[in-house]
Every structure is written in structure tokens, then in C-alpha cells.
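In the two complexes below, subunit A is the common chain; its partner is subunit B in one and subunit C in the other.
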Partner chain A sequence: MPTPAKTGSILAAALALPGVVPSAQAQVTVPNATLIQFKYLYYKDYQENNGVTPGSSGDRMTVKSPALYLLAPISDSWVFEIGAVYDNITGASPYYHTVLSGASGEGVEDKRLAGDITVTKYFGRTAVSVRGAYSTEDDYRSIAGGFTLRHATPDQNTTFTIGIGYSSDDVFPQDGPVFTRTKNTLDGIAGITQVLSRNDVGQVNLYYANQSGYLTDPYKAIYGVDQRPDSRDQFALLVRWNHYFQSLNATLRSSYRYYHDDWEVDANTFTAEWGQELPEGFTLTPSARYTTQSAAFFYYDPVYDATLGAPFPPGYATNPNAFYTSDQRLSAFGGITLGVKLAKVFAEGWSVDGKAEYYEQRGDWRIGGDGSPGLQAFKAQLYQVGVNKKF
Partner chain B sequence: MKRLIAVASALAFSVLLIGCETVQPWQKGNLAKPDMAFGPDPLQTRFEEHTYFSKEGASGGMNVGGGGCGCN
Partner chain C sequence: MASHGEVRVYAPDETTARGWSDAAIAEVRRIETKYSRYRDDSVTTAINRAAGGGAISVDAETASLLDFAAELHAQSDGAFDLTSGVLRRAWDFKTGRVPAQTALDQLLPRVGWSKIEWHSPTLRLRAEMEIDFGGIGKEYAADRAAAVIVDVGGLHGLVNLGGDVRVIGPHADGQAWRIAVQDPRGEPGTTIAYLNVPHGAMATSGDYERYFEHEGRRYSHLLDPRTGWPVEHWRSVSVVAPLAIAAGACSTVAMLKPVDDALQFLQAQRVRYLAIDCAGRQYSM
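The block that comes next holds the complex of A and B.
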């Protein structure tokens, strides 16, 4: 006869995201339930106007994504996970800074299909996961794989994780000069997940990635000026902490990430989610995220060469082979996300959920330095609905 | 230098973790709640990670071998 705690831990393990990084409560145990998840994401991003004409539409990308996830223990020591997502992408993307491609009447249309499979074999308190992933678009293809090892101490209060991954990508733009270039990413992770008390669990991950090859944005290189180094070293430290408030029947999930790369992007990201249990199987989860980042060393502000004009940076004619980007993602800004999620658990393993989020980036919102001037605020809305079944 | 500070604080935090109380299996009822997992909703985690990966300069820290996309 399992104790309530034991039954619960199996449940939690089944709902968690295994094969990647140890999830709840620092344990390495085989999940004993199958989980099927379906989710649909509607995403749109926009700015005030197209960057050329005041009062024009500033709509950027719209993405509609149905996704499936399956977690299936097929024996007492083997677990399969399968994920699949389809992205339907339409809209306009900036040529340079916040000047949209839509300004010339030309839009972007793309479809992305991605799938991944993870196989995990458990050897007592040790789990070995092998993962393969494939993603294809009209102008991009990625083949990736990873290997993760998790090991728990005998008391199942501490789990050590190490992982290594590799991704081999091809870029073949469908606009402008025809070419295929490659981009490879090698990454590694080392982490500890620790039960801190009967209501606290913490995690620390160290992450490193090396990207090499064609890292330039091919479309910004055609319509703007985009020339990036052919390698990028990225480092991240992620600290996560979950606390359960017994008297409130609520969970606080929080995280902090420090990020640094040799393009001189430094970022600090904080997240917090409050999962409030309510009667009738409902859970209400408000969430907040703040990030602040510095600009890449080769990002230039929207001040253009006196002779050549936009999109050329000052001095471009005398130094055309230097590194340049006008990509808003590599500018200095602060970003805030606010969200709310409502979930309900039904009988026989069914549950449904819906989540709405608003995200905005502004130069002014940066902390720890000046934000990049002269860009329109970037805004996005995300809506997710999901159905889950466990058996 | 900043990297050094980050690594040092990670190590300090790790030492702190190892020095904490031992929780017995029968005391793990709350820890076993689905909401106590890191990323309790797999597809939600994927969607949100993918969004930030494609719209910000920083990424990584949760897993490896994720693969790239033309969105970035």
C-alpha cells in the first residue's frame, strides 16, 4: 500500500519534464503513468508603426502552433518521450532596426515542422537519456542530438546532472542570393538539484555553448547591414528555487539566470510564478518575468552614414568588412512579461489549461546601463490552450 | 571577471545545498506535488523558451541539444 507521499511523487514525476534536467524533488525514478499533452499557441508581435510611416500598421509576426507531447514508460526501466510542433508563421520582420519589411509591401511566410524523441534508460538511481531532434523550415534545417546522465544519492534528495548536445544546422535563404551555409552548436550542462526542506527544492545549472559557422541573419544582411562573427561562446548560470506554502496551498516557482557571451551580451533574467490551488481542482497561476541585457559589441544605433544613408552605419564605406548588426534582439533593453494561467483537473486523468501573456521590450527598461536608443518598443501577446490526459 | 564571480557563486550555492537537512521519503508529500516540479507543463516550457530564444540575445541553461531554428 503506497503512502500518499509516494503516490504523489510518482504523479509528479510523470508530469515533470524528464530526460532533460531532473524535475521535481531531486529524484531519479521511473514515471509509472503515460502522459499525452496537446497545446495550441497563438502568438503575435507588433510595434507602434512600420518605422517609416506614422499611423501605419506596426504588426510584425503571427505564429500559430499546435504541439503534441507524449511521455510513455514502456517497461519498468525504459521511458520514451516524443514531441512535435508545427509553426505557421506570417507577417513582417524588420529589415534593419525597427523598419519593417512590410513597409515595402513584402511579407514573410514560413512553416516549421519540428519533432524530437528522447529515450531514457533507468539503472536504479541513475538515468541515461539520448535525444534526437529535427526541425525543418523553407529556409532552415536543424538536426540535433543530446546525451544526459542523471544520478541521485541514496536518499533521493540530491541529483547530479551532466549533459552534452550537438546541433548541425543549414541556412538557405529563399530571397536574394542563393546559398546554403552551415551553423553548428556544441553545448554542455552540469547541474545539481537538491531537496532543501520538506517544502523547498533548489537547482543550480551551469551551461556552456559554442556556436560556429554562419551566425548572420541572412535577410537582414540583404535588406540591412548584418555581418556577425563566425563563432559565439555562451555561458549561463541558472538558479531555480521552488517553495510550497502549506498554509496557503500555493507554490512559488522562482528562477534567476546570469548570461554572458563573447559578443558582449550580458543578461540577467528573473522569473516568478505563483501556483494557487483553488477548490474544484482549479489552479490559478499568475507569473512575471524580467530580463535586462546589454548590446552585442557590433550592434549599431539607428544613426546612419551621412553619405550612404540608412541602413548603413557611419563609416561603413571605409570599413565594409567589419562586424555590424541592427538586430533589435542584440540591442540593449529590458523586457517584462506578465501572464496568468488557469488550469483544471478532471476525473480519470484529464486536465485542461489556458494561459495569456503580454511581453514588452524597451530600451528604457534596461537596468545596469543605458538601453539602446531610437527603437520602437517590441510587444507580443501569447495565448495557449491545452488538454492533457494521464493513464 | 564576471564569469569568475558567477562560477564562484555557483560553487558557494552548491556547498550551501549539500549542507542542508535530510528530508525523509514520508516527508515528501508537498515536494511531490506536480506544481513543485521545475517546469511542470512541458509544452508550455517549450513554447516560452522558444519565444525568448527567438526574441532575445540570451538563451540556454535548462537543457542541451535543443536544435536551432530560422527564427533566431
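The block that comes next holds the complex of A and C.
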């Protein structure tokens, strides 16, 4: 009884051979295999108890998040992608600076369910994708859509990407005064990916986003002081370079990202990853990232108004309608992420991977200016496991 | 590789063209040296010499080729088999003698991919077994050589190793390469058809490459490793596929299958083909 031949299986097997296609290619090509991917993420962030600020210790947020992703080529030129993710978020976020909501009340528990669908049509070396996404949680609802165009030159060495997206998010806090506010985001990307040599690929991407509407954190606004401008223009430049070391069977992936917004947050991020191929189908990838950013112009340090006391910033009484935030993410800091990922490819399209990351952020780790004083180090751990199957 | 080789490339000037083709030829020579079963210092010889002993560990490139061979063996229901070379001991195409069944029966226990212990990167062959990369080495070399030229900037040209062609890119004016298909019953060099190949590769297997006739019957070098006898379903199968190694594998496997099975197989592989059966009927897509 002959084995029924799998479609295109011999070419797929041949493509696994080394060096039979020019090594580095910025191709626009139709995926020819169905991929199912399951990932489970565990994340927690925390700040050490230094015993100085009351109620400022311990764990912050914990996220447990299973996700499912399916990529299915349904003909020679149409590809469908569907993703679904469920987040269970527990813990407490600070009301202001490092003073926890959980310390003075209960921690939060939130469940987020999100799904997205992307449909891509290939016209030779050009691909057009349309994406729709929906996300819902107890106090938040987001609907988003986008459009991306990719085009490769005839030699497949250069790929151009442009994309545009729009999202509309509603926030309706469950705690305190009841209201619904809307935030809209319009974003765009333009990029070029260039094969530089047999072993080198470079990429430059430009991002722009405009957020408008209610950009304040509602819980920080209710229990602390959080008043943000109702628009934010964000700009980023990403430069990436991947180099394959043939003699070592390893790839160095490095990138630099510059970010600027009109809230005066300027960030510089450097990332390096070393993807080492090992025997038996293993790949081990250690990674490191450093980011340094300036504070938003309306971030205030944990020094409070002499009359009103915490959480009010100095001068609040005479200027209550100005912009204020105590959000650590908008402070000035330096942050380091160290990670390691181990992946193994098995026969018949199966592969598994696991990764662990540790992140630490401190005011005095900033380079190129002073960090925000008076905040405890913010730390996070991330663990993720994945199982993938290709047909 | 005991066959004719050719590199054709459009380049800005002659020096560049020479440099590119030299790099491609060097890559072909590297593969030939590494995998020739006629060389004492080749990987193939080292593997065969270790047959009957312990497992040996192979390098990453050889491991990839063995993985590919294992996949082809599975996809062809055992028709494609790197270990079938042992059968040449019974089939002498120079003298043209039909071997006795007993001679084949003695060799068949030494043939069969499934008798090999292959756990990448370790390989163990039973005593008196042999492998050779003759069935895929030439096409692999054509792909690697073409990739070398693309990597240094070549856009238009082809690499032809004994009729297995990997196109680097179309002619400089964008025209496809017209690749001739040998008439399997004509004089060498007579053409039965042309296939237009702007990108990708074309490979042909035929019963005319090595054969002898005995009492009106043609015995070709295409031996079924499961029986030890030549197959007679096809005169030739030419396949156009994105890679020479895929085209070569498809044409070789199709040659070993009966007409209906072979056509079904080629269609499932989504390749273009021109196949001529034992009665001279042509099938193409």
C-alpha cells in the first residue's frame, strides 16, 4: 500500500539542506505549511521591600497567559492567521509611585480575552494583509484593524513594507466614579529589509503613532494624581542587523531602537541575541537588552505638596488642572533584560521551546541624564513555553 | 562526478564572470571530493569503511543529506535508497550479462535504508552494507554552486551538471532558459522537447543513461532496491522544481513508480514534468 504523497513534501525536505538556496533572503513568499502554536506565559513583576516606604513591598502584577496561534495557507496565494490569547491578571498596581493599591485595599483580578485574524493575499512578490483584532476585559474593550503591504524586488534581496493601523479602545473603570472614555490610535510603519551579503541581513523600520482621547490611567487618577495630555505623538526608528557565523553555526541578531514622543520621553534601546545551533536539533539563544529613557515632562518625583501631602505634587493646590503623573513607566530610568531561550526541533514538524527572562529597572541605571530619584528597583520575571506543529 | 559540467553566467565583465564561475566550480569540486565513493579520503568511503563496526558521527552537512535521503526513502515507499549501490556488483552494464536471481538474493540482505541505524548525527551500517550519494550529490552540488553565485551578486545564469540544471536567474533580458529534453530513444543530443525554465531547476532521469539489451529486452541502471531488478515503467522523467535536488529526487522517485502512481506522486509534489512511458507516450504538466 503506497504512502499517499504529501503535497510538495520533497521540496520541503530539500529546503532543509544547507546552502541550496542563497543563504540570506528578504523574501516575500507564500508559507507552504500549516502551523499550529501553543504558548503559555507566566509573568510577574515586583519591588523589593526596603522597609522605608510603608506599604511599598512585594509582588505587583502576575499574568498567566495561554495563547493559541494558527497559520493556514488555504491556497497557493491566500493565507489565514488566527490568534487567541487569554490573560489572567492578578495582583496590585501602585496608586502612585511605589504605594500599592493592594496595601490599602484588595488586589485586582482581571481577565482579558483577545483574538485577531489576519488574511494575506500574495500577488507574486507582493503581499497584502488585512488584520482585525478584538480584546475585552472587565474594564476595557479594544477593537483594531490594519493593512500591510509588502513587496520584494525581482532578486528577492530587498523587501519594502508599509502598513497602517487604527484602534479604538474604551475604558470603563469598575471602581470609583463610573464613566466610559475612549482612546483612538492611528499608527503607521514603513520599512526596508535588505540582504547585505550571504550572511547578513539589515533592516530599517520607521514607526509613527498618534494617540488621542483619554490617555490617563483611571485607577491612578482616582486614588492618586494622574492627569495626562489628551494626545500623544510617538515616533520610533529601529535598525536591525543579523549576521550568520557559518563556522560557528550561530546567528548574532542585534538591534538599536530610538524612540521619541511629544511627552518628552526619549528612549534608546540596544538588543543583542546569540542564536547558537547545537547538535540534535537544539538551538540555545542567550539575549541581553539595555534601555535608557528620559521622563515625561509631567512626571513628578515622590516629593509631595507640603500642605496637601501625598500623593499631591508640590504646587498642586494652585494648579490642579496641569498635567501630572507618578507612573514609574513614565519616569527616567535604565533597564536591563537578560534572557535565555532553548528550542528543539523534532521529526515530523514538531518543535518545542522555552524561555526565561529577567528584567530590572532602576533610576540610577540611566545613561545620558539623571534617573528619577526615590523609586525602588522594579523587577520582572517572564517564563514562556511553546509547542509548535507544522503540517 | 563522471559527467559534463557547465556554468553560464551574465556578469558586468569577463573577470567578474570568471571569478563567479570559479567560485561555483570550487563548490562543486568540494562536494565531489567530500562525497565521491571513488576517493579514499571521502566521507562516503569513511562511512562505508566503518560498516559492521560501531556507530560513527558525521558532520552537519552530511547529516542534512542523510536526513533528506531518509525522507525520500519514506516518501517513495523505499524505492529511493542510498544503500542500493551494492546491487552494482551483480549488474555489470559493460559486459551486459543478466545476473542469476541467486546472485541478487545474496546481495539484497545488504540493501535497505531501514537496516541502517541513523540517529543524527550518528550512523551505523551493518557489515558489507554501503551507501553512496550518487543519487542526490550532483543535484545538491548544482544548487550549492548556484547559491554561491547568487550570494556574490549574480542574477542571470545557470549551473548544469550532467543535464541536471539549476537556474540562477533568467537570461539578462528576462527570457527563460530553454532547456532541451533528450529523446530517450534518439542519438545522444537529439531533442524531444524544450522546457522553459526562468527560475528554479530541471532534472531528468532516463533509462538510456546506462543500460544493455539482452534477448530484445532493455536492462537499465535504474534498479529497484526492493527486488534488485531494473524498473521498466518509464523511458525518462524530466521535472522542473524550485531546487535541483527536489527536481532530481522527484524524477528519480517517479522513474521507480508505475505510471499511475508516478503521475499522482508528481502532481502531489506540485512540480512541472515531462514524462515518457515505456511505450513512448508523453505526459506533461
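The working rule: the second predicted complex is superposed on the first by the 358 of 391 C-alpha atoms of A that agree within 3 Å, B and C clash if a C-alpha of one lies under 4 Å from a C-alpha of the other, contacts with A are read in each partner's own complex, and residues count from 1 in each chain.
One rule holds for everything that comes next: contacts are C-beta pairs under 8 Å (C-beta built on N, C-alpha and C of every residue); 3 or more make two chains touch, one makes a residue touch a chain.
Quick caveat: nothing in here was measured; it's all calculated off a predicted structure.
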* What is the contact status of A:Tyr166 with respect to subunit B (first) and subunit C (second): first, second, both, or neither? -> first
* Using the superposition described at the top, determine whether subunit B or subunit C touches more residues of subunit A. => B
* Just subunit B (first), just subunit C (second), both, or neither: which does A:Asp155 touch? -> both
* Asked: Of the two partner chains, subunit B (first) and subunit C (second), which one does A:Ile192 touch, if any: first, second, both, or neither?
  -> first
* To do: Please indicate which partner A:Glu280 is in contact with in the superposed arrangement: first for subunit B, second for subunit C, both, or neither.
  => second
* So, does A:Gln227 touch the first partner subunit B, the second partner subunit C, both, or neither? -> neither
* Counting only touches as set out at the top, which of subunit B and subunit C does A:Leu330 meet: first, second, both, neither? -> first
* To do: Name the residues of subunit A shared by its contacts with subunit B and its contacts with subunit C.
  => 3-6, 8-11, 15-17, 20-21, 23, 155, 197-198
* **Complex contact set, residues of subunit A against subunit C** => 2-11, 13-23, 155, 197-198, 249, 279-281
* Taking the complex as given, what residues does subunit A use to touch subunit B? -> 3-6, 8-12, 15-17, 20-21, 23-25, 37, 39, 41, 43, 45, 65, 67, 69, 71, 83, 85, 89, 110, 112, 114, 116, 131, 133-135, 137, 139-140, 142-148, 155-158, 163-167, 169, 171, 183, 185, 187-189, 192-199, 201-207, 209, 234-240, 242, 244, 246, 251, 253, 257-261, 263, 265-267, 269, 275, 277, 283, 291, 293, 295-296, 329-330, 335, 341, 353, 355, 357, 359, 361, 378, 380, 382, 384, 386
* Structure fact -> So, in the complex, the side of subunit B touching subunit A is made of residues 2-3, 6-7, 9-10, 13-14, 17-18, 20-23, 25-48, 51-52, 55-72
* To do: Write out the stretch or stretches of subunit C touching subunit A in their complex.
  => 60-61, 64-65, 67-68, 71-72, 74-75, 77, 120-121, 140, 143-144, 147, 150-152, 155, 169, 241-246, 249-250, 253, 257, 261, 264-265, 268-271
